[in-house]
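By letter and in written order, the chains are A, B, C and D; residue numbering begins at 1 in each of them.
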Amino acid sequence: MVEVNLWSGLRALADGKDKVEVEAATVGEVLEGLVMAHPGLQDAIDAGVSVAVDGRVIASSLTEPVQPDSEVFLMQRLKGG
Amino acid sequence: MSKIHVTTTINGDEVEYLCDPRETMLDVLRDRLGLTGAKEGCGTGDCGACSVTLDGRLVCSCLMLGAEADGHEITTIEGMATGEELHPLQQKFIEYAALQCGICTPGILVATKALLEKNPDPTETEVRYWLAGNLCRCTGYDKIIRAVMDTAADMREAS
Amino acid sequence: MQYHTPTSFDDAIAIAAQADGVTRFLAGGTDVLVQMRADILTPDTLINVKGIDGVKDITRTPEGGWQIGIAVSGAEMTEHPELGRDWPGVVEATDLIGSTQVQGRCTMVGNLCNASPAADAVPAMVAAGITVTVSGPDGTREVAVEDIPTGPGKTSLASGEMITRITLPPRGENGGDAYLRFIPRTEMDIAVVGCGINLRVDGDTITEARVALGAVAPTVRLVAEAAEAIIGTTLDDAALAALAEAASAACSPIDDKRGTIKFRTHVAGVLAQRAARIAYARATGQKDS
Amino acid sequence: MALDDRKTSGFTQVGTRPNRPDGLDKVTGRARFGADVTAPGMLFATIVRSPHAHARIKKIDSSKAEALAGVKGVVTRADFATGLTGENWNILENVMAGDTALYDGHAVAAVAATSALIARDAAKLIEVEYEILPHVTDVDAAMADNAPVIREGAADKSVPEGMHPNVVRYHESGHGDVDAGFAEADLVIEDHFRTEATHQGYIEPHACLATLGGDGKGELWCCTQGHWNVQKICAALLGIETANLRVTASEIGGGFGGKTAVFIEPVALALARKTNKPVKLVMPRPDVFKATGPTASTSMDIKIGMKKDGTITAAQGVFRLQGGAFPGAPMEFTAMCAFAPYALKHVHQVGYDVITNRPKQAAYRAPGSPMAAFAVESVIDELCRKLELDPIETRLKNASKKGTKASFGPMFDQIGLVETLEAAKAHPHYSAPLKPGQGRGISCGFWFNHGGETAVTLALSEDGTAQLAVGTPDIGGSRASMALMAAEELGIPYENIRVTIADTATLGYNEVSHGSRVTYASGLATIEAARDAVGKLCARAAAKWGIPEDAVKWENGCAVPSGPNAGDFDPMPIAEITKRMGATGGPIVGHFEATPEGAGVSFATHIVDAEVDPETGKTSVVRYTVVQDAGKAIHPTYVEGQYQGGAAQGIGWALNEEYIYGDDGRLQNAVFLDYRIPVASDLPMIDTVIVEVPNPGHPYGVRGVGETSICPPLAAIANAVSAAAGVRLRELPMSPPRILAALERQRDG
C-alpha cells in the first residue's frame, strides 16, 4: 500500500482524511485508487493534479513508478508563464 | 475616398505608392511596401518599435502619415546593413545578446544608429535617455546599453 | 478625410474656412495621429502646414526676442545654438514632450493647441510671457499663450483661425527661466504636475517673476500670488515656503489615473521651489545646480 | 525516466557563449513575427468589443457594416462550436461573448474587409444593444455579501459552503499546528497586503493569419508560446478535427506567459471560414491590455512568528486572487510558493480564486509566486528589523535544503537556496556603503518549474551537419541553447546545427513554452535525440567495420572502436558515415518523445538599493543584483538575460505598473503611456550571479531559469524603500502618491 498525502483543501471530499492508502505501483494507479476510495475526489483530479513522488513533482505522466515506501503528495497541476 | 500619390526615397531607392490619407507611414511600409522590419507595438508613439528616420531625424513611423513622405527620405532597419556587411551596432547586438525576443530590436538599432551619428561619445545616461522611447520588455536594457556603449567606443577607435 | 498641403498661410486659412466638419492642422502630428489611431477623433479635413514658407525657421526679432515657426520641432529648438541660452526653461520644457522620436516631430504650437492641461511646453511658455499670432479669415491678432487654452481640449481659436507665429520676448539682463515636471518614471509620462518659472533679479533680489502651473487645473494656471511670494526676496527659505504655499493653494486638480488631488497639490509646491531655485541660479549667473 | 548518463562536467560547448543562430534575422528586420506575413487575397479583421464591464447582449445588428463596400463577413458567437464544456467552454466564452459581456473589452463580434481601414470603419457600424448589469472589479469587493454575482454555478466542489458565488475555487494546505508555533515565538507579525493586476507587457501584440475552408482544413500562422495548444483549442472552438488545422508559430515578440492562451486565433479562423479567404487579425495595443490575460490582483493576510535568534516558529497565509470573469487565478501557486524558501514545522496556507468583471487572467512569469513573495518577504524583513537580525543570516538559518519538508508538502531534493544566499552575502553589493537617502533590501523567491510533453527530431545531413526540429517557440534565445546541447552530444561545431521551430504537422505534440521548461525539457529531448542519432551512427560504423554495435563509442564527432577492438580501425568522422547513409540503411534521424518529469525547482536571492525622494515619494532603483540557481547554465549570456529581464519586470510591478479601473468598471490605462513599464532611463545595470546546483532530473543538471527571477523584486524593493524612507508599503505599486501618503502618515505620527 502507498500512503498518499492530500492537500488539506481536499479533506472535505475525502471523508475528512488528509492521508489515504491505496494499492498502486504507478502514478496513474495512485489516482485511480484515490477515486475508488473517495469518488468525491474525481472532479478535483480531473481538474488537473500533479503528484510529488519522493520530492519529484510529476506534472502529468501516469506511468511514473511509485514504491510502497515512497513519499507521495497530491498537488494542484503546475503550469507556468 | 481618393488616394494620394506619393513619391519618396526609402533606403536610397525611389519609391512611389498610393495611400489613403489616414494611413500612417508604418502602415505604408508594412502593408504596401512589404518592409516589415518596423513593428507596430502600440500605434501611438509610446514604444518606438516602428522607429525610422525621416530626412535623417529619428521618428516613430506610426506618428507620421504615409502622405507626408512625399519628397522626403526615409531610412528603415532594412537599410542599415551594407550588402552582407552588418552595421557595427547590428554585429554587436548579436555578440552581446542584446536582444531576446527581437521585436524591439529593429527600432532600437535605428534609434541608436541615429544617436551615434549625432553623438559618437555618449554617456550611459545619454544612451538611456535617448532610448527611453524604445520599450524593451525582455532584457532589462542592460545588455543593450552595453552593446551601444561598446559599439560607440569601437567606432570612435576605427574613425 | 481630406488631406491638404498648402504652401501659404492664406491658403491654409482659406481651406480651413471652407471646410465642413472637424478640421485639424498637422504640424508635428504627434497628437492628431494618436487621436486618429485611438479612434478618439478623425478629422474631416487635415491641413499639413509644414509646406508653408518659414514655418521651420527660428529667427531673432529686432527687439532681441525670438520668432519660432509653427512647425519647428522640439529637437530643432534644443539643437539651436542660441535659443536655449536665452530661454533654457522654454527649450527644456519642449524637450520633455515625449520620446526622442516624438521630439523630432512635436511642436510648441501643437502642444498649445492640443490644450491638454498637462502639456509640458505651456507652463514654460506662459511663464516666459510668450505670445502667438493668430490669423483667420477676419484678420490677425496677437494673443498671450495663457489665453489660448480654455479647457481640456478646447481653445479660444475661432473656426478657420490658426496660429501662424510664436514670439518670445527679449530675454533682457539678469533673467532666468526653468521648467520642471513630476512624472512617476524618468521619461515617457504625461506630467502629473508641471511648473514653469521665469524671473529677473537686481543683484540678489527678485524684481519680476511669473509662475505657471500645469496639470493642476483645467488649463495652465498663471499664479500671481506665487510670483508675489518671491518678488522682493532673495529666494530665502521663508520666500520658498511662501512660494510653495501659494502654488499649492492655486491648485484645483482632479483625482485620476496619473495622480491624486492631494499629491498634485503638494507636489506643485515642491516643484515650484525647485524650479525657482534653478531660475534664480540662472538669473544670478550661477551655474545650474 | 532514468538518467543513467548524466554529465555535469567536462563540457566542450555547453557553457560557452556563441552568437544565436537567428541573430542575423533579428537585427536586420528579416525575422517574421506574427503580423509580418501576408497571403494572396488576404482580408483584414477587426474585433468589436464591449465598452461595458458587465452587460447583457440584447441584440447585434451588423447590417450597416455588411453594407459597407469592401466588407466580406461578420462573425458572432453563433459562428463557433456549440456544446463545449469545461475549460474549452471558458475559452470560447472569453474569445467571443455569448449572451453576456463580462468585462470592458470583451469581444462581441468581428468583421473582415479588404483593408484594415475598412475593417475598422465597419466595426464602428456594428450596433450592439446592451442591458447594463452591476459589476465588480475588486477582489475583496467581489467576495463581499452584497457583491453582484458574475456567474451562478461557476464554483467547483472545493469551495466551502457559505462563500459568495464569486469564490469559485478554494485551496488549503500545510502541516503542523500553527497556533502552537506562534505561541513559541518571541515576536509575531500579522499584516495585510494587496497587489494590483499587471500585464506581461510584451511589445508584440497578438497577431495571426488564418485560412479555413469549407472542407474543415485550415492553416494558421500566429505568435504563440505553444502552437499545439493553439491547434487543439482552435479545433475545438471551430468544431473541426485537430489534425486538419496546421499551425505554424511565428517568431514571437515576447510572451512571459501571456501568449500561452488563445484570444484572437479562433476569431480569425471563423472569419476565414465564413469568407473563404485568408484573414489577418492583429490586436491594437489597447485591446491587448483590455482583453488578453493580465495576472491576478491579490489581497493577502500573512502571519509569521519568530524567535529572538531568528528561527521562524510558524507561518500562515490567506491569499485571495481575482483572475477576471473565469476560474483560474493561480491562488494555489501563490499559496504553495509563499513559504517554500523556509523549513517550517508549522505552516498553513489558504487560497481563494475569485471571479470579477475583468479579463480572464493568463499566466505571467511564475504565476502567483511574486505576490506571495512580496507579502511574506516583507513580513520577514520587518521581523528581522524589529529583532535586529541580519536579513541574509536569518534566511540562511531557516532556509529549505535537500530533505526539508516543503511548505507545500513533499520533501525537497537537491536545491540551491542556501547557495544563492551565501553568494549574495559574499557579493560586494551586500556590503557596499549606501548614500544618504538610500536603503538596501533583499528578498528570496521560489518557483517550481515544469517539464511537460516534448518531442524533438534531429536529422543528419549528408555532410555531417544536423537539423534539429523542436516544438517550443524560441522566446529568448533558446535556439542557441538547443544547438549547444546537440553540438555537445554530437561532437560537431555549434554552427553545424540548424535549429527550427517545427509546425504542428511535422512533429509530435509539444506543450507550450511555459513553466521555464524549454531549456529543461526541449533541451533534455535534444540531448536524448542526439544520443539516439549517435547510437545509429555507431551502428553504421560497426556494420562497416564488422564489429558489434556495442563495441563502438562516439568521441569528438567520430565513431571509434572500443573495448577489444580499440585501435583496430581509424576513427570514422560523422560526415563519412552520413555521406553513405542512403546506401547503408537510409537516413539517420534521432528522436525523442516523452513527458520529462524532473524539472528541478529554483530559488533566487536579490539585492537592491533604492533611493526615495522624501518630497515627492518617487523611488529610484540605483543598484540591483540577481543571484539565482540555474542548475547548469547552457548559454550563460542568455541565462543572465533571463535574470535581468525578470528583475526589470519585477521593478515595474513594484513601482509603477497596475491595472486602473474606474467606478464604471472600465480600464483607464490601456496604453503604454499610462501602463508604465520601465524605460531604459529608469533602470541601472542589473548585475547577475549564476549559481549552479545541478538538477538531478536533467542530464546536464539544467533547471528552468526564466520565471524565478520575477519573484524576489517586489519584496526586495519594498524592503529597500522601508530601509530608505522608514515607511512600510503593503500595497503595490509603490507609486509616488502612496509613498508620499505613507511618509505623511508617519510624520503626523
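The definition used in the following text is that contacts are C-beta pairs under 8 Å (C-beta built on N, C-alpha and C of every residue); 3 or more make two chains touch, one makes a residue touch a chain.
Keep in mind that this is a model prediction, so the values were computed, not measured.
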Note to self: Of the chain pairs B-C and A-D, which one is connected by the greater count of C-beta contacts?
What the structure shows: A-D
Note to self: Between subunit B and subunit C, what distance separates the C-alpha centroids? Give it in angstrom.
What the structure shows: 29
Notebook entry, point to check: Between subunit A and subunit C, what is the gap in Å from one C-alpha centre to the other?
Noted result: 67
Next item on the list: Can you check how far apart subunit A and subunit D are, centre to centre, with Cα atoms defining each centre and the answer in Å?
Entry: 25
Item checked: Length of the line joining the C-alpha centres of subunit C and subunit D, rounded to whole Å -> 44
Next item on the list: Please set out, as single numbers or ranges, the residues of subunit A touching at least two other chains.
Entry: none
Next item on the list: Mark out which residues of subunit D touch at least two other chains, giving numbers and ranges.
Entry: 200, 256, 284, 671-673, 678-679, 681
Next item on the list: At least two other chains touched by the same residue of subunit C: list those residues.
Entry: 37-38, 186-188
Notebook entry, point to check: Every touching chain pair, please?
Noted result: A-D, B-C, B-D, C-D
Check: For subunit C, which residues are in contact with subunit D within the complex?
Finding: 37-39, 182, 184-190, 192, 256-260, 262-263, 266-267, 270
Checklist line | Partner subunit B, residues of subunit C touching it in the complex | finding: 1-3, 5, 26, 29-30, 33-34, 36-38, 42, 46, 48, 50, 73, 75, 98-102, 104-105, 186-188
Margin query: Please output the residues of subunit D touching subunit A within their complex, sorted ascending.
Written below: 156-158, 160, 170-174, 200, 256-258, 260, 330, 332-333, 336, 350, 363-367, 406, 408-413, 447-453, 514-517, 595, 597-599, 601, 697, 704, 706-707
Notebook entry, point to check: Mind pulling up the subunit B residues that touch subunit D in the complex?
Noted result: 20, 22-23, 27, 30-31, 34-44, 46-47, 49, 76-78, 80-81, 86, 90-91, 93-97, 99-106, 109, 125, 127-129, 131-146
Margin query: Give the list of subunit B residues in touch with subunit C in this complex.
Written below: 1, 4, 21-22, 24, 43-46, 48, 51, 54, 57-60, 62-65, 67-68, 70, 111, 114-115, 129-134
